[in-house]
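First subunit A sits with subunit B, and in the next complex the same chain sits with subunit C.
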Partner chain A sequence: MRMIHARPVLVLLFVPCLVLLSWLNVPSFVYSATPEEIGLKIATEARARDDGFGNFTAREVMVLRNKQGQESRRQLRVKVLEVAGDGDKSLTVFDEPRDVKGTALLTHAHKKEADDQWLYLPALKRVKRISSSNKSGSFMGSEFSYEDLSPPEVEKFTYRYLRDEPCGDLTCTVTERFPVDKKSSGYSRQVVWQDKDELRTWKVEYYDRKDEHLKTLTIGKYKQYLDKYWRAGEMNMVNHLTGKSTDLTWTDYQFLTKLKARDFSKTGLKRAR
Partner chain B sequence: MLVMTAGAQYLTVSDDLRIMLSKDNPQLIAFDVLEATYSASNTVLIAIAPRKGSVFSRETLGAIEELTEASWQAPYSSRVDSLTNYNHSRALGDELIVEPLVENARSLSDADLARVEEIALNATELAGRLVSHDGRVSGLAINFVMPEVRDQAVFEVTDYLNAVLNEARASHSDIAYYLTGNVVLNRTLADAVEYDMGVLVPIVFFVIVIGATLLLRSVLGTLAIVFVILFALNTTLGFAGWLGLVLSPTITVMPVVVMVIAIATSVHVITIALANMRRDPDRNAAIAGSLRTNAWPVFLTSVTTAIGFLSLNASDSPPYRELGNLVAFGVLCVLFYSMTLLPAMLSILPLRTRRVRSKGSPLFERFGDFVVARSTFLLWFVALLVVALVTGIPRNEVSDNWTKLFDERYEFRRATDFVIQNLTGVNSLEFSLQAGREGGITDPEYLRHVDSFAEWLRRQPEVTHVQAFPGIMKRLNKNMHGDDPAFYRLPDDPDLAAQYLLLYELSVPFGSDLNDRIDIAKSATRMTVTVTGVSARGLREFDKRAQDWLRANTPDLATEASGMTMIFAYLTQRNIESMLRGTITGMALISFVLIGVFKSLRMGLISLVPNFVPAAMAFGLWGYVVGRVGLAGSIVTVVAFGIIVDDTIYFLSEYLKARREGYAAPEAVRETFRTVGPALCTTTAVLSTGFLVFAFSGYEGSQVLGLMVTITIVFALLADFLLLPPLLMAIDRRKL
Partner chain C sequence: MRGSAARYSLAVTAVWLAALIVVVEAHAEIEFAAWELSGRVSLESRYFPETGIDPSHQSSHTSGFVVEPQLYVEDVEGRSVNLVPFFRYDSADSVRTHWDLREAYVLLFGELGESEWEVRLGADRVFWGVAESQHLVDIVNQIDFLEHPNGEVKLGQPMVHVTWTADWGVLEFFGLPYHRPRIFPGQGGRLRFAGLLDDERVEYESGAREWHPDFAARYSHSFGPLDIGVSVFDGTSREATLVCMPPACQPTGVSDVSNVWIPYYAQIRQFGLDAQLTLDAWLFKLEAMHRSGDRNALGREREYAREYFAASVGASGFDDLVGTFRKEEYAAAVVGGEYTFYSVFGSTADVGLLAEWNYDERGRQALPRRQPLTLDNDFFVGTHLSFNDVQSTEVTAGFLMDASRATHTLGVEFDRRLFEQWSLHVESSAILSMDPAELQYVGRRDSFFEFHLEYNF
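== the complex of A and B ==
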């Protein structure tokens, strides 16, 4: 009986709090709804802020390290084309190691269905389609999988906002995301740290299928391009299970290039250098 | 005592087999490098055997599929390889399709089943490893990455898998499941040690306490001994705790040895104290008298026993070094408590003295007479017996075979035997084959060399499976040429091979990558060779043969085999060599002590015979009857030595006393038999029964130690009674 009397009091306290919160400079979704809705909203907003970049190119250098301290380098170039209403198209050209120089990987990402991928093998002068819808395997022997490297499509996950917490000088939202298609992902869930100002991702924790903390990705050296689009300069992936790690350095970001849709076709793939 | 005992709370126990190995063990170092380069190899192998027919049925494949999924959920699992999740690759036009061999087994048509069977039995990666060549048994391999302290993890993993398998057995009553692998081995070891510690050690305790009661004919006297045992054990364990030692299964031996020595020591003190009490009405004077008589021999036997155990420090295996130090400490505790606590208790306890039969026993007098009368015959007869037995020593093969560490009582042993008989070997040799440069693994020459090594290995009779990198390249080459079987060969163009590999790597899902077979620089690949029916010596010879082949045919690849199997193949040998040095040093030290004590070089040297001969006889007998000595065998001599030296000391000091009293050698022998004969006989009976209890352990380490120490102690008594007296009479002819 006491609860009935208490409830109006709570509501009376709660409403002013909400009003107070709305005055603070926080994105409006933080207190608007269920954790699932908040999480989805953060993901949607983050993706929306990247809308309109058109295309860009960049260089990547990967340094792989095993528990033994042994190191190995991979070097690649990526070209990305924004596609309205669908996932991005991307072209990855391998420069190093030398024996795969000129090999190029074309990916047509999709919002819902599985991505399409083709690989051009210069030694064979042929394009081979990669049938597997699974992007969870190791990318070039590194601790990254292709799944980790591609920009996450909002629709491929469900979300749950967990909390806010300081990250460096910033404040981050901490959100969990769960793959919709459990079979094609290597993870049961990921925990993502994004700063509240620019919604850049600073850290991702990957949990394997038995929900054990498998890997941690830390991202840094963000730079803003075209006064709008943030791109990371450094990524580091540590595998807690094997003790192996991979450093990925991004350089030479170029936006507003002359890339066209046909550069991202199967015939364009053969010409990619 | 309380202060020391408090240290016991810091004791930790580990069942990790790795603690058996010293940090500078060369095979371990090589294995650590291999694990750090590729991946850790903590493995479990589950055999799945339908009771009727082949595994290529909807039900069995479905069961494997379920088990594969459940295995991914096992704690610490990093990789699961099974018949169903095998990445089958094929060509479809310009498409490379890489997909699990079996998906949704229950919906497969008969034609699908036939196709799966054909692929599986012809896939070199599968046949002989994950499916038997006759298709009747399938295997599922799980790899684990364990935390630094593995004991808890081993329990979690095995508990989880046992639960999963029990569920599977319930829902598929037509399928049998068998669980083996090194993770299960660790768990079984933990269970065995728990059984030995929890069941056998208490039995030993009761056996020798009852023995002591019969010996002393005094319950309260036995109570005093029990206190000495408890105090000595607690102090020793506490000491180990304060030192922060991590205890291993080997330590099971410690309490038994300390108990045994406490009994032997205390019996002497109490016997004489009781005898004195009969004559002297002043209890305390009687006890003090006993201390005066016993202090020196007790001190002496304690010191020699401690020296014997300290010589375990020569062992290559840290647990044995710890065992030696702890027992040595325990022996000194026994010395301390039997000189302090024991007399104090004797003084307090209302001991009753009973009239005992006249000193000495007619049986032993007659026995003494017999030995003296037949001394020449006995000398020759026993010497011949010794020679006959000792010739059996070379029949012992030095070998630790982890598949035989436990007897059939343990499910692990039964499962392992089943796997060996029906599916594949459980011993594997790991080779890390270097290409010599970054990216070199796709060089046609490297691939050819590795392939020819793999082919040579496959022709060896002991090999059941070879997992080698070139197999994948051949398969991809075939796929890239429209699955034309004529192209099932190595690609000639290194760039093309590298690009095939890149394509394949982009196609396999999480947990199926090649990172556990290829190093990150693509400069080396790992080859896993599964062998069966090979002893430790056979493994070492096989490794040598493989190395010879590599040096002769592909010198660039030459390398030693590594892996847990190889570590164990060398472990016992390393230990026996180091223990041999330790035992000899210990014996030399003890002999010096004895020479000093008996003030006679001759006696010191003679004492070597009854000290050394029993162990040699025991090993010889073992060679005839069993023929296989493992790690435990390497410490038998030392453990038994500490005990049999005491017998020799009592016998010889009594003999010398008689000689100094003016008896000639034969008379002195008779006198010795009369005085110490019964005591030696009864302590031997008690001690050997105590050790014999360990023969009932299901763990080879305890079993062998228990049996061999028992045999050695019994032989020692024979040597003291039948060999030493004739020897003394033959050599010790001088007048005193």
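== the complex of A and C ==
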């Protein structure tokens, strides 16, 4: 009964919001803005649309493939907590390969300063504070690096809008982004395709420090949760230099869970599984 | 002592099974949300290139296996039970063939206003500290010295562990009702000092013996890049003072293989501090502790000899012998750092470099604690190579050098996943040189190679 009453109210609230958002985010309308301003606006808006998700959990399966097609599997679970005014807190627990089962990684991301990271090693029951400056390193031997997997905080890049172009049935904006912290990033720039309707990212091209096209990420199977938040179901990263690739499948998205800030403490990390 | 260790494990297992049955019976309505069985089976082999101190009993080669399953059961409220039994078979040393309950605890937690409480009840393992060359402040658990001389493997410790987590940090209290004596290798085992330990006799300073209630507490917090912990322990030492008493032990000292020693556990108090500063790729580490109450026979040889001869004619007893030992009070520290070069030379590999300095106020009268060597003025340099490949290949090497004595050791470890659930561990522990003044001089020929083939499920 409650839902039936609530729905018209929600629609009434949503319609003006959507109108406002679409006006804000059609860059071609904003003739006076520079490409840098438009790029920043797209990034800011994409991030703003994800505001308020609160928390979620999900499962990830990675399939690593080498040039010869040999496969190797990784399985992990991730818990994410939104933090107002700062980067998200996340907890990643490894299930496979079995020799690292129970290993867990706690990240307190920050908008500007370096992230805080702790690693839990179950064999020694040891919590170890680790350096978070390893942005460009491979995540578990995959083609994803740590920076590819962390949510792109607006403040960590500068932007330049390039053009609009069709992508599948949609129209995408194509924007370049440049890391602010050039020392720790493995890239000189990234080129990002986002659809104009929902600002979902469909493709990212990564250029290494010598500005060579190193990797391409394609994203798909988006689903909307809580009528608002889009989450990808599939990601595919191809390394053009090595011929290796990694498929990342996301399943079991759960929003509005019972997760609290205390689950993202060092005490919570020792309990994580 | 072997007998008492086995009795301990049996008793604890029986208590636990009974408790589990009672809980499950009484709460038949408990909804189990999840359960999981995982663990490892490992085939292991060790080879000693040199002949040991007791060649008529010791062999140069030993093989065996380890089974360590883990059962985890969780109810819908998040409460859980964790069981980790451990068994090792060793072909050369019947004492090293041993089993233990590494973990058997109930975990409960909940909210307390803005903060959170957590209780772990049962046998568990706890780690404190930040350094790599030794674990100076780590004290809650007895080490499983039979497994590896590096002191990283621990026996399960019965405890009530209460944690209070709030904005101002983490406060933990440990009630430790039972003491686990350290078990040393048997007659067929290497990595023992010359003599053996009395199978039947363990002495304690406390009249309550192994049932003396020990306490520990720790406060820890993170301040931006700084992680800090202060701790206190009050209770039975985890380090045994070895006492040579007639008639089983002759005054021929530590190099006589026919001597049988009696372990004695004093009451101690330890204050500890551990801190790590994490700045970019740098980790700066400090551990420091102050301990009082341990007994030390070094420097008391004359008093001891007098009492020994009195004991050999029945004029004095065990307590008189221990009474000649110095009751010590000292500070020790380890300070150092770690720097990692990520993605070296455009590859995916990371290279970490470590350096630490170990200090003990007692100097040449220092005794080993959780590590085989005395670390009174010792430098450690090491490297850690992570190839970040699909097989997670890793190489670790550590070189330990006594600054005031001619003792040098080198440890090298290699780890690689072979395929899916199988992995390989190869290790070499080499004593490059040993100063004759070292207490461990008798173990100078105990360099070894070790090999594990591990299956994880």
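What we mean here is this: the second predicted complex is superposed on the first by the 240 of 273 C-alpha atoms of A that agree within 3 Å, B and C clash if a C-alpha of one lies under 4 Å from a C-alpha of the other, contacts with A are read in each partner's own complex, and residues count from 1 in each chain.
Operating definition for what follows: a residue touches a chain if its C-beta (ideal position, glycine included) is under 8 Å from a C-beta of that chain, and two chains touch if they have at least 3 such contacts.
All values reported here derive from a predicted model rather than from experimental measurement.
Q: Given the alignment on subunit A, is it a clash or a fit between subunit B and subunit C?
A: Taken together on subunit A, subunit C would clash with subunit B, as the superposition shows.
Q: With the two complexes superposed on chain A, say which partner A:Ser265 touches: subunit B (first), subunit C (second), both, or neither.
A: second
Q: Return first, second, both or neither, reflecting whether A:Leu119 touches subunit B, subunit C, both chains, or no partner chain.
A: It touches subunit B, and subunit C stays clear.
Q: After the superposition on A, what does A:Gln75 contact: first (subunit B), second (subunit C), both or neither?
A: neither
Q: Given the touch rule stated above, what does A:Ile130 touch, subunit B (first), subunit C (second), both, or neither?
A: In the superposed model, A:Ile130 contacts both subunit B and subunit C.
Q: Considering only touches as defined above, state whether A:Thr218 meets subunit B (first), subunit C (second), both or neither.
A: neither
Q: On the A-aligned overlay, A:Asn236 touches which partner chain: subunit B = first, subunit C = second, or both, or neither?
A: A:Asn236: touches no partner chain.
Q: In the superposed model, which partner reaches more residues of subunit A, subunit B or subunit C?
A: B
Q: Does the superposition put A:Lys67 against subunit B (first), subunit C (second), both, or neither?
A: first
Q: Could you list which residues of subunit A make contact with subunit B in one structure and with subunit C in the other?
A: 64, 66, 72, 97-100, 124, 126-132, 134, 136-138, 140-141, 184, 186
Q: Quick check: in the complex, which residue numbers of subunit B touch subunit A?
A: 33, 35-37, 39-40, 72-78, 92, 94-99, 145, 438-439, 442, 480, 493-500, 502-503, 505-515, 518-522
Q: Mind pulling up the subunit A residues that touch subunit C in the complex?
A: Touching subunit C: residues 64, 66, 72-73, 97-102, 114, 116, 124-134, 136-138, 140-141, 184, 186, 262, 265-268, 271, 273 of subunit A.
Q: Provide the residue numbers of subunit C that touch subunit A in the complex, in ascending order.
A: Residue list for subunit C touching subunit A: 38, 40, 72, 107, 109, 111, 115-116, 118, 124-127, 130, 152, 163, 165, 170, 220, 222, 224-225, 227, 276, 278, 280-283, 340, 342-343, 348, 350, 388-392, 417, 420-421, 423, 454, 456-457.
Q: For the complex, which residues does subunit A have touching subunit B?
A: Going by the criterion above, the answer is residues 64-68, 70-72, 94, 97-100, 103, 105, 117, 119, 121-124, 126-132, 134, 136-141, 145-146, 184-186, 209-210, 212, 241-244.
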